[in-house]
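Naming follows writing order (A, B, C and D), and every chain is counted from residue 1.
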Amino acid sequence: MTKEEYVETINRISGTDVRKCMKCGKCSGRCPAFKDMDIKPHQFVSLLVKGDVDALLESKAIWHCLSCMACVERCPRGVAPAAVVEAVRDTVVRMQGNNGVKAEDIPPVVDELIPQQLLVSAYRKYNK
Amino acid sequence: MQEVTTEKKEFVPNIVAFCCNWCSYAGADLAGSSRLSYPANVKIIRVPCSCRVNPSFILKAYQQGADGVILCGCHPGDCHYVTGNYYARRRMSLLFSFLNYMGIEKERTRVEWVSAAEGQRFSAVMNDFVKTVTALGENRKLTDLRVKEGE
Amino acid sequence: MQRIGVFICWCGSNIAATVDVERVAEIMKSEPGVVYSANYQYMCSENGQQLIKQAIKEHNLTGIVVGACSPRMHEATFRKAAEAAGLNPYMVEIANIREHCSWIHKDMEEATEKAVVLVRTAIAKVKLNAPLTAGESPVVKRALVIGGGIAGIQAALDIADAGFEVDIVEKNATIGGRMAQLDKTFPTLDCSACILTPKMVDCAQHEKIDILSYSEIEDVKGFVGNFSVTIRKKARYVDETKCTGCKICMEKCPSKKGLNTFNMGLNTRPAIHIPFAQAIPNVAVIDPEQCIKLKTGKCGICQKFCGVGAIDYEQKDTFIERQYGAIVVATGFKPISLESFNEYGYDDNKDVITSLELERLMNAAGPTNGVLLRPSDGEHPKVITFIQCVGSRDTSGCGKPYCSKVCCMYTAKHAMLIREKYPDTEVHVFYIDVRTPGKNYDEFFRRAVEQYGVDYIKGMVGKVYNENGKLMVQGSNLIDNEQVTIESDLVVLAAAIEPEPSVRKIATLLTASIDTNNFLTESHAKLRPVESPTAGVYLAGMCQGPKDIPETVSQASACAAKVIGLLVKDKLKTNPCVATPDEMMCNGCSQCANVCAYGAITYIDKEFRLGGGKTEVRRVASVNPAVCQGCGACTVTCPSGAMDLKGFSSKQIMSEVEAICKK
Amino acid sequence: MKDVEMKMLERAKALLGSGEVARVIGWKKGEFYFDPVPASFESVEELSDFVYNGFCGANLSKYLIQMSKKEGKTAIFLKPCDSYSFNQLVKEHRIVRENIHVIAIECQGKLDIEKIKAQGVSAVTEVEEDGDTVKVSSLYGETTLNKEDILLVKCATCKSKTHQAKDEEIVLHEMPESKNNRFDEVEKLEAMTETERFAFWKLQLQKCIRCNACRNVCPACSCIKCVFDNPASGIAAKANDSEFEEKLFHIIRAFHVAGRCTDCGECSRVCPQNIPLHLLNRKFIKDIDGLYGEYQAGETAEGKTPLTSYTEGDKEPNDVVDGEAK
């Protein structure tokens, strides 16, 4: 994939419009995993706007994001930084040639209150 | 005997556009001052408000040989006369559905909301409408064919 | 038989470059009804107009068509020219061959052909034009100002100074509005009360101003120059004419636990009270929800102590109906509710306050007499953190999408005042952007940083939580790319502002339009910023959009200028392009009145001769030409076609349609 | 039905006799048993011609426009469906309600003589209704027919058996509830292709002889001067001189009564060319129901019609097909 295609893919998977970001930093202000992240939540958004795919794909932060969705909850502009993190994570996993989650790994009944992304990303992270 | 040559002319639809004075007519003016072109076969009639357009005007246009009629007004909620376009919207919804029910191509008649700031949109809407009507071809279902064929 | 003159303008090369103007003018010479056709470089110029005037006179023209730029540009010009030559101005039609033709088409043949059709269409219309005369309607020389804040006060004073009667209707017990609650004002740090209260007194003493406090607008009828407004004077249970404002009742009232709304609920007040020391009118009011006498029938202490017998528990709401020529809406704003923002802990922590609450805490007449003490324990806060943009610029649905405009400046003011008064206090400000457009505004903000050492942190707060009695403010510092947590004693939220909710009802009564954020819409964002699209209604202050005091005052004075300009006229010219029913055909079915947004249509019983000496009384529609705005909604609703619109009659439009369609 | 007629006659006599009303509007004998005609009775004597039978399909409400202006009170017999038109006329201020005494009468569905003839029975002298069947007497003997086969179109698709306005009531037998099937034919047309629909209406409207019977009988088409007679309207015409004119007349007529038409079905009943005109009006009714919420004109005598009201979220014209936004 070319750089542009990566940007397009990450944008598409995330389903969020990163251009709406007004750079207030509220996402990072609330992130409980902030210290462990080499790229901060707001940077995920700004790097994607900038199209810096290399920085995103090399980040370690994608494995530290807890998918707690606090950043999504707080964003005043309706941008979902966690969705960008997940999109990058998913892209990285796909590059490695497997999607990280097997159907049989998912229990038949899961807690309805758990955000779906948290569940899926957990499998993605811990299945490796 | 004189030889008759039949020259196949490309179909150019005749289009009447009703534009409200406050938004769409001004939008058309802006399209003009921004030099945003649309086909010359679109001709505009200025009305105070989209709610001034009587269905009989539209039918009259078809009778006289129009191939498409488009009604443009302020966006709902922005009407200069507060509520005019809301009434126009209901009237036209029912009229369009009714024409369709009578088997008359629905796409020949259209309503678009164009604000005074939307010169770009006005031109785009007109280009698109001309394309649609050109594809539909000549209006033969709702017209006085004697007028159409020059008496 | 009409004698039509056609005038084709070149507009320099604007038209002439794409439209063969000479050919168009030539073709028009042979159009039926056309007796004169000419072309000229600039029809709108002095010479061009002269050409038109001369032709009208020489050729006895009964109507003219000008093929030129948009009628929105020069219709008025050509109408005036026609009028000067003795032709009725409504016998002029414009064919828009510039914006709608020469500017958008490239091919000369095509553009010329279209121009011919457009001019023919205008000829078809003008042939059916009838001379119209603008009607006249009288102007009531009195203005109504809705809202008694600084905007309303300024507008009222300016109008009254010009010699016109003004009524201020204020829903609260006193005028003064939000500005009366403020401590100091940026960027000069004048004391708000010191500059406002003299103006309040001026209002009270002005012989042309009548203040109707504790009153609301109940109904509005009529139109520009002649509004009829019903005002509800709410029962204040105190006779305004008797009360001297001595405050003995406040002292004696046993029910003292009401929240003091003037102090943003930071302390309490008695059931009978005067909102604040400089209130105008300086008259008490009883809160019926709190008054023991009004709730249980027992008590009556204030009545006993009132030396002038002003207390009247039996008082009822009364209604006044007055006539006005113009209305100024100045209903102001309020801070938004913070219930969707529990991340800031406003509801859970007494020491998380809004900026307006801070104004009261710092005000010498406030609950702490101007000493900055935190609400929870009355201690001096040592670390104060401000959070900007709380609910502003928020498109998530929790707050408001717009910038509230005043927060950056008042936050800088607060930070500066605190550092000035209590230099040992640490002040932090979380900001997204600092917006300071305005004279001396950025200098003011920089002073806060450079001179007063206020710590501005670029970033937003994610959470405020309580830990061991401290307010932990966690947010990001984007410049240093770090997450910070500030242990604070007091947190101040710059809550977004929104229009005072009562404006919705007022807008409906006035048929004034309102945007999705409940701000009243101006007639033109740039060129008519103080006029509502509803004629005779003007907008001042925050009800139209966020703005600070100097802007509000400017807008209020601009409103006043507009109002004065209206009230000096004895009569108003009305748009003659109005709907008129053909009474002979009117069924009196009421459908037209149902769609009229202006209430211009009423019904009268009229006697008609039937022939043979018989008569019949029928109900028929009657349009008030001063109220009708000429939209035409009624004309299409009318099943019998009895209702028609002058200047845009069905026949005129039909003949335009025919002219366009004709091949 | 005989007992209902007797009771009606009795009330008419009482009202006229006592001078309580100046006239009674009902039906009188026509040339034949099956063609009773609307009539105004001004004295007890005149009532000798009074009739109410299975062929009294005519909607009398429109006569009130003129009658309610006359001196004295007017009594009128209204079937359930007629009462909707009555309300609509009151709403439009065409009738002075105080001058009217409404006698709500029983209706078991009215019969179509053409349909009876089509069943091979002519020269009808009397009918006797008995539930689902009708005993038809003619000069040539007696036949029993299935009632459903010989009902007027408007009665076969009856919308309601509830009177919407009444000052008194003469209902002696239970009236069967309506079947809720009045949009079936409209839906069938909607399901056709555009070409099929066009062909259908072309065939139907070609038959129109522009006799104006539909307009003249219609309680909603009660304009003092019709646009088609008024040169200032730009669409005036006395005859269908082209295929366009045929369509224009019926589109404009249907549009003018949209939101006001109570679906009384008189237009189709009187059309000498048997054009199913009610299918035009019902299309508007169906679309209005679908787009703006159920609305039945004439249910009340006040309030706005769907075309004189709006909501901010109304559907966009370009998206609307058959009462839904597509």
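In the analysis below, a residue touches a chain if its C-beta (ideal position, glycine included) is under 8 Å from a C-beta of that chain, and two chains touch if they have at least 3 such contacts.
Quick caveat, the model's predicted, so the values are computed rather than measured.
Interface comparison, A-C versus B-C: the higher count of C-beta contacts falls to B-C. For the pair chain A and chain D, the distance between mean C-alpha positions equals 67 Å. The geometric centre of chain A is 45 Å away from that of chain C, both derived from CA atoms. In whole angstrom, the spacing between the mean C-alpha positions of chain B and chain C is 35.
Rounded to a whole number, the gap between the C-alpha centres of chain A and chain B is 48 angstrom.
In chain D, 227, 233-234, 307-308 are the positions where the chain touches two or more neighbouring chains simultaneously.
Taken residue by residue, chain B touches two or more other chains at 55-56, 60, 83, 87, 91, whereas all remaining positions touch fewer. In chain A, no position touches at least two other chains.
By the definition given earlier, chain contacts exist for A-C, B-C, B-D, C-D. Here chain D touches chain C in the complex through residues 69, 91-94, 220, 222-227, 230, 232-234, 256-257, 260, 304-305, 307-309, going by the rule given at the top. Residues 343, 389, 393-399, 432, 458-463, 474-478, 481, 483 of chain C are the ones that touch chain A when the two sit in their complex. Residues 186, 189-190, 194-202, 227, 233-235, 242-245, 247-248, 251-252, 254-255, 258, 280, 283-284, 287-288, 291-292, 306-308, 310-312, 314-318, 320-323 of chain D are the ones that touch chain B when the two sit in their complex. Interface residues of chain A, counted against chain C in their complex, comprise 20, 22-31, 34-35, 40, 42-43, 70, 74-78.
On the chain C side of its complex with chain D, the touching residues are 582, 584-591, 594-595, 603, 616, 619, 637, 639-642, 644, 650-651, 654-655.
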